[in-house]
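Read through the structures below before going on.
Each of the next two complexes has subunit A plus one other chain: subunit B in the first, subunit C in the second.
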Partner chain A sequence: MTSYLARRAGQMVLTLFLIVTLTFFLVQAQPGDYATFYSLNPDIPAEAREQIKASFGLDKPLWQQYLVHMKNTFTGNFGVSFGHYPRPVMEVLAERLPRTVVLFLSATAVSFYVGFFLGKAIAWRRGGVLEYAATISGATLFTAFTPAFALMMIWIFAFKLGWLPVGKFLDPLIWRGAEVSANHVFSYMLATAAVFIAFAFLTLLAARKLGRLGTGRMPFLVIAGGAAVIPIVWAFTGVGYLALDILRHMILPIATLTLISFAGTMLLTRNSMLETMREDYVMAARAKGLPEKVVRDRHAARNALLPVITSLVYSLIFAIDGSVIIEGVFSWPGTGMTLLEAVRSEDLPLVMGSMVFIGLFSLLAHVIVDVLYVYLDPRIRYQ
Partner chain B sequence: MPMTTADTEPVLKVVDLSLSYLTRQGPLQAVQSVSFELGRGQSLGLVGESGCGKTSIANCLMRLLPDNGRLTSGQILLDGQDLVPLSEEEMRHFRWGQMAMVFQAAMNALDPVYRVGQQVVEAIEAHGVEVTTAGARERVARLFRMVGLDPQLMERYPHEFSGGMRQRAVIAMALACDPSVIIADEPTTALDVIVQDRLLRELKGVQRELSMSMIYISHDIGVVAEVTDRIGVMYAGRLVELGDTADVFGAPMHPYTAALMSSFPSISGEKHELETLPGEPPNLANPPAGCPFHPRCAYATEECREEFPAQVQRGSRWTACWHPLTDMAGVGQ
Partner chain C sequence: MRPAGWLAVCILTLCLFALLGCTPEVVREEVVREVEVVVTATPGPGGSAQTGQTSAPVGQAPDPTPGQQAASTTQPAAATPAPPTTTDATENVYQLGISADLTTTNYWAYLGPDGTIWNLYVLGGGKPVLYTYSAQRFDWVPSLAADFPTALAEETVGGQTFWTTEVPLKQGVKWSDGNDVTAEDFAFTAHTAAELELSGNWPSIVDPEFFDHAEALDPYRLKIFFKQKPGLARWQFGQAFMPILSKAYWEPVVAEAKQAGEIIEQQKALYAHVPENEPTAGGFGFSKWERGAFAEKERNPDYYFADSTVTQYASGAYAESKPGAYEFAAYGAPGGDKTLEYTTGPYADSAIYSIYGSQDATVLALKKGDIDFMLNPLGLSRGLQEQLEGEDGLTVIENPSTGVRYLGFNFRREPMDNKAFRQAVATLIDKEFLTSTVLQGVAIPMYTMVPEGNVAWYNADVPLIGQGLSRGERIAQAVQMLKDAGFTWETEPRISEDGRFVEQPGEGLKMPNGEPVPEMDILAPSPGYDPLRSTFAIWIERWLNEVGIPVRADLTGFNLIVEKVFDQQDFDMWILGWRLTLYPDYLEAFFHSRHAGLEGHNAGGYNNPEFDRLADQLLAETDVETARQQVFEMQAFLADDLPYVVLFDTPLVEAYRSDRITYPYTDSLGGLQNASGLTTLVQFK
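Let's turn to the complex of A and B:
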């Protein structure tokens, strides 16, 4: 396993090198460069123009620029953003990336859970009302025009009903006079989520080790108890209302993303389930006199999960590069928006920086899923 | 060795069982008016060609029919309790607890993602045979030893087992809850002959040792002859002959039984040319009138084409044939 991971790491470096190279030349292939914005200004004298170009290093030949970029990128120096001058690329990304990751990771988790749950239910009871309702609405939403659907969601829940904010990351009126920055609160929220997930994971792990004592509702009650502690702790910090504001801003984009994408997992799970349900071990499980739910969840669905996990890789990548459309419609200041702006303004360092991270995370997502596979399917071993 | 069952109540009694599958071509009569009894500690073989309804009967006894399967008539009396009207939840307790199954495709009867031992423990826990997990595991270790598997193999996954080992594990699984009846559906078909033979002996040994009743389903009459006390011959969804194994093999009464036997080679018996039975089994969606075997039968007459024959009883055996081969001597003539 260790040597496998080492080999994978080597492959990742190579792939990353190709991604960075390709991105560099793709951006260069666009007409003009960042300095054009200045050089087209007739008020700037020719010497100043050349000086601007030289200060960005854009006067050097392309191959030299490329080598400098490669050296800097692989030594961890992502440079300074042209567009956000003089903020370093890393600083811009450190602010934007977590917002996208959290939003899209939550949406991926919710839509995966909903899709898997519905998929196994409609495969188990075929021909029911639920199957028709879920398949038709799921397929409709899956093929809906995303910006139009997102706008419709905003129109219903934010505008007509007024339950949720229209967009953006936070409400300035609530944050006025707050002593902490949004990034600060957000990083604490991330830490809380990480601690909770670790707690839930360890509880389930302990339940499995305990054997029959740990089965049934007990572990879920413990996890629910842990979840109940979170708002109490936050209430004591005094910034709980600020965290709540960020949370409120996350609901609508997550709901929209879930509705758009759950059908993919659902239909995949359904098909995979219909296959595993025909397997002899499912019949054997039923013959053993196990309760229906155990046959469905622990045998049929557990095996149906394997191919569905593969599709999770693609959703995870989506969780890093974000969706320009969703982030645009909801004015969510994440990497999707940042990348689009950077590409349009030829902010080369920011494009390159974003691409390195997107590439790195998508490569990591693949490795994570491959490793997950080893735990889910004992037949898979990597040498 | 035939056992005397007259003095004890049979553990399993199947009365007039009929079963059809709903298909696009209309209902397919897979099993028709099948009745038999299984005495305590006895083993009964069911033989016949592919598609004659053997496996359908096995699945039907466990009430594990596919969605399009319909039980149209009959009773399945297990210790006097009729299983047919039971709800799914009530039936759950009879499955494995009272009646267990060794599956046809043992290769695939084990879930690939769980350890083999765990899959047996699961059955034990579902029926509360052992109270503690440690007790259940101890029981599985005992079962593994009984079927000739190293108890340490409990921690392995099915893909790490050979075909023979998997089959043994599936047998151990069937024994997990001390069932009174075991249904073995072609348990050795996928194995090579040597493993098959060894496994058959062990299965027979275990069945004797635990004095369990067994239904043994196979198309291989040689195997059935080796392990069963009584034998039932099926053709096109009907039971056409039933009797003590030795009697049926010694002097088949039904022409189909005779034909089936002469199409199998025998090592110990006298040499004879293997015969093939001309024609094919009938389409069960549209079975011929009368005796379903008449289109392939050398003895068929007018009455065979019109009416299904009544049972001809002779001692502890019977056949459903208008022209039973009562006076025929020898096998395969």
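Let's turn to the complex of A and C:
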């Protein structure tokens, strides 16, 4: 396994190099450059425009610009954003990343849960009303035109019913008196999620080590107890009301993303379950007289989980990429919108920085999935 | 290690990444709690810009507020604030929607490389200026200055000859740190811009070819030294609008920046400074910027110009007064019918600029009542206008904009260099038909490079080529023009008897030298980018083809057009647009032959010595009346010589919550967004 991972790390570096190179030349292939923005203002003298080009490094030959960007990329210094001059790219990305991660991780988790739960149910009771209703509605929503659907959701729930806010991630009237920034709160939320996930994972790991002592509901009760502590801790931070405001603003985008995407997980789970249910060990479990719920959840669903988990891990990692459409419609300024704006304005350092992040995380996702396969299916071994 | 172990390592590493990723941000994102008092909104840096930019350092139009005073204090953050209630918070909060985030709060950077329209909306007009434009009429009136400047005089100092002027300043105007706003502040700002060779809009404000230095004769009397005689564009409508920054606050920052090495590094160091507790003067103070979400400015209760009254008269007179403080009148004796009168606020406790990701989302927020007004350089589209017009509590307003869309010719290629050809093209384009019938009134036909709304500089008496002609008359006239210039056809176009359509399109058009007219392209934005300009391009192609001019509309991306036209000059004709400043010195930039080089703004290569002479005269002119006559003459000249066929402009449509707020006026060139939403004048019902 160790030598396999070392080999994969080498492949990752090579792939990353190709991604960065391709991105650089794709952006350069667009007509004009960032300084075009200034060349169209007749009140800016030619000398001033040249000076701006020089400060952005756009006066250098293409190959020199390429070398500078490659050096920056592999030394972790992505340079200074043109559009946010002179803020470092890392600072811009660090500002946007938590917002996207919080929204899209949550949406992915909810969407996965809904999809998995429904997929399991409709596979077990084939031909029922639930299967037709879930499949038809899921497929319909899956193919919906996202911007129109998202706007429709806002129109219904925010405008007509007035239950939820019209986009954005916070209410200025609540935040204008706040003494912390939104990124503070997002960071706390992410940290909370990270600690909780680690806690839950370690709890499950410990339960496994304990053998019989760790079976039954005990680990889940411990995890639930940990979850119950979270709001209590937040209540003492003094910024709990701000986190609640963010959560309120997350409802509509999460609901929209879930409705649009749950069908993918649902149909994948359903198909995987149908395959698994034909296996001998499921028949054996039934023959032993085990309750239907146990057969479904412990024997069939667990084995059907493998492709679904793979899909989930990819989704989670690609969550950092965000969604330009969802972020745009819901006024959620995350990495997706940042990348789009950077590409449009040819803010090369920011494009490169974003792409490196996305590339790195997606490559990492592949490695995690490989490791996960071994963990979930003991029959798999890498040489 | 076992798979489970590897998995644990991966998950814990991810968790660690998440935690590490959060930590430095917490340190960096300290919320700035300062009160920056916004001074009279100023015209800002003059500028024209090619339309189509997502952001542009365009000139801000007149802010009606007359002057400035500062009295702000730093507000220390409370330890643990109680959650504010929405009811309390909404009290007199003027809520505006914008479509992109700020990129800086540093004024040097905002007028430098961060000159976006969104920065302009929030930061623009936030500093004292010597002179400004009046509301609606755009009279040139004093702001920080107590009166008009002395006439430019030639003066020799130390063997060097300068052109100098003196400006008296108002007394009692203070920065928020308690210091007076003085002539020293002006000198410091101008010298910093010149010495650090600041980029972006700065060179158009402090032009190094003209500005030499400034001296404070005393704290309230300023003397400016120019290397050469500055015209209106360089002095009265240029440097006189320069935002003045506090010397006390910025001097150490600038001194530190100057230690950074190369000039570009010095600039970078200055631009990178994040102002905290920067003393300012004005109606509002910049109080908070929540990146990606909103920016807030809080009311300055000690605003010097609060309660000052501005009155404009039908006679052209302008009067401004504040009881017990000052009185000012210009452009005639005040009296007779009043065209505008208002008392300066601010009446809002706070102005919040909320950031929305799309215009649709902003409009929904406006309809729902989350915001009172939306700032957008393009205004509302026709669809959204119709959607909002029936809404209770909303008022839709329409104003002329400060832009122009045009068809340009490449004078380096035949037959575009032929005046008769250009006039024939202009004759064939039925702007009225397109704007009223095809485009259903969403555009306004234009014939000159100065929009009609810019009353002071607009010349209505220019040649209106083709106006009022029927289709048949147009074709007949264009054919005659071409014939008179020596063009010939293998098959001449023939019009139907009723003159309504072309029975036989022209074929084989030849130039006066006997060569066939080459195939030509009209570069124009695609329908997805701008349906109006692409519609014009398609119809122009059709009309020109009817008389045998072999032209093809090439609808393509904006950036590609810009590259081909301005960077490569590889084109025949093109359709684009400009956003224009009030003072029309852009006529020189667009059409003087000195700007015909690569990346110059005279991309068509227009070269007419007579026009060059007029343009040079305008640049050197120091008298407004004479300049106006020159601009009129230039407009008439261009409307006849046609380096551009001016096509149309679109009115600027805006909407506001009239059930909550009211403005002293809504008729304004460029709309209320051009005055940043009248933050110091808006009142609440």
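Basically, the second predicted complex is superposed on the first by the 365 of 383 C-alpha atoms of A that agree within 3 Å, B and C clash if a C-alpha of one lies under 4 Å from a C-alpha of the other, contacts with A are read in each partner's own complex, and residues count from 1 in each chain.
Definition applied: a contact is a pair of C-beta atoms (placed from the backbone, for glycine too) under 8 Å apart; a residue touches a chain by one contact, two chains touch by 3 or more.
Computed from a predicted structure; not experimentally measured.
Subunit B and subunit C, once both complexes are superposed via subunit A, fit side by side. Of the two partner chains placed around the shared chain by superposition, subunit C is the only one that A:L151 touches, whereas subunit B remains out of contact. When the two structures are aligned on the shared chain, A:N303 is found in touch with subunit B, with no touch to subunit C. Comparing subunit B with subunit C, the partner in contact with more residues of subunit A is C. Touch criterion met: A:E95 reaches subunit C, while subunit B stays clear of it. Of the two partner chains placed by the overlay, only subunit B lies in contact with A:P291; subunit C stays clear of it. Look at A:S187: by the touch rule set out above, it reaches subunit C but stays clear of subunit B. Of the two partner chains placed by the overlay, only subunit B lies in contact with A:E279; subunit C stays clear of it. Of the two partner chains, subunit C is the only one that A:G177 touches; subunit B does not reach it. By the document's definition of touching, of the two partners only subunit C reaches A:Q30; subunit B does not. In the superposition on chain A, contact of A:S331 is made with subunit C only, not with subunit B. The gap separating subunit B from subunit C at its narrowest, counted between C-alpha atoms of the superposed chains, is 14 angstrom. Shared contact residues of subunit A with subunit B and subunit C: none.
Every residue of subunit A that touches subunit B in the complex is listed here, in rising order: 211-212, 279-281, 283-292, 294, 299, 302-303, 376-379.
Within the complex formed with subunit A, the residues of subunit C that make contact are 1, 3-4, 6-8, 10-12, 14-15, 18-19, 21-26, 28-31, 33, 45-50, 53-59, 77-81, 83-84, 86, 89-90, 93, 95, 100-101, 103-104, 109, 113-114, 197, 199-204, 207, 264, 267-268, 271-272, 288, 290-294, 296, 350, 352, 354-358, 360-361, 364-365, 367-368, 370, 557, 559-560, 562-564, 566-567, 581, 586, 589-590, 595, 599-601.
Contact residues of subunit B toward subunit A in the complex are 62, 64, 88, 92-97, 100-101, 103-105, 108-113, 122-123, 125-127, 132-133, 157, 159, 173. Interface of subunit A with subunit C (complex): residues 1-2, 5, 30-32, 36-49, 51-52, 54-55, 80, 82-87, 91, 94-99, 101, 151, 154-155, 158-159, 162, 165-184, 186-188, 190-191, 193-195, 197-198, 201-202, 205, 238, 241, 327-333, 337, 341, 344-345, 367-368, 371-372, 374-375.
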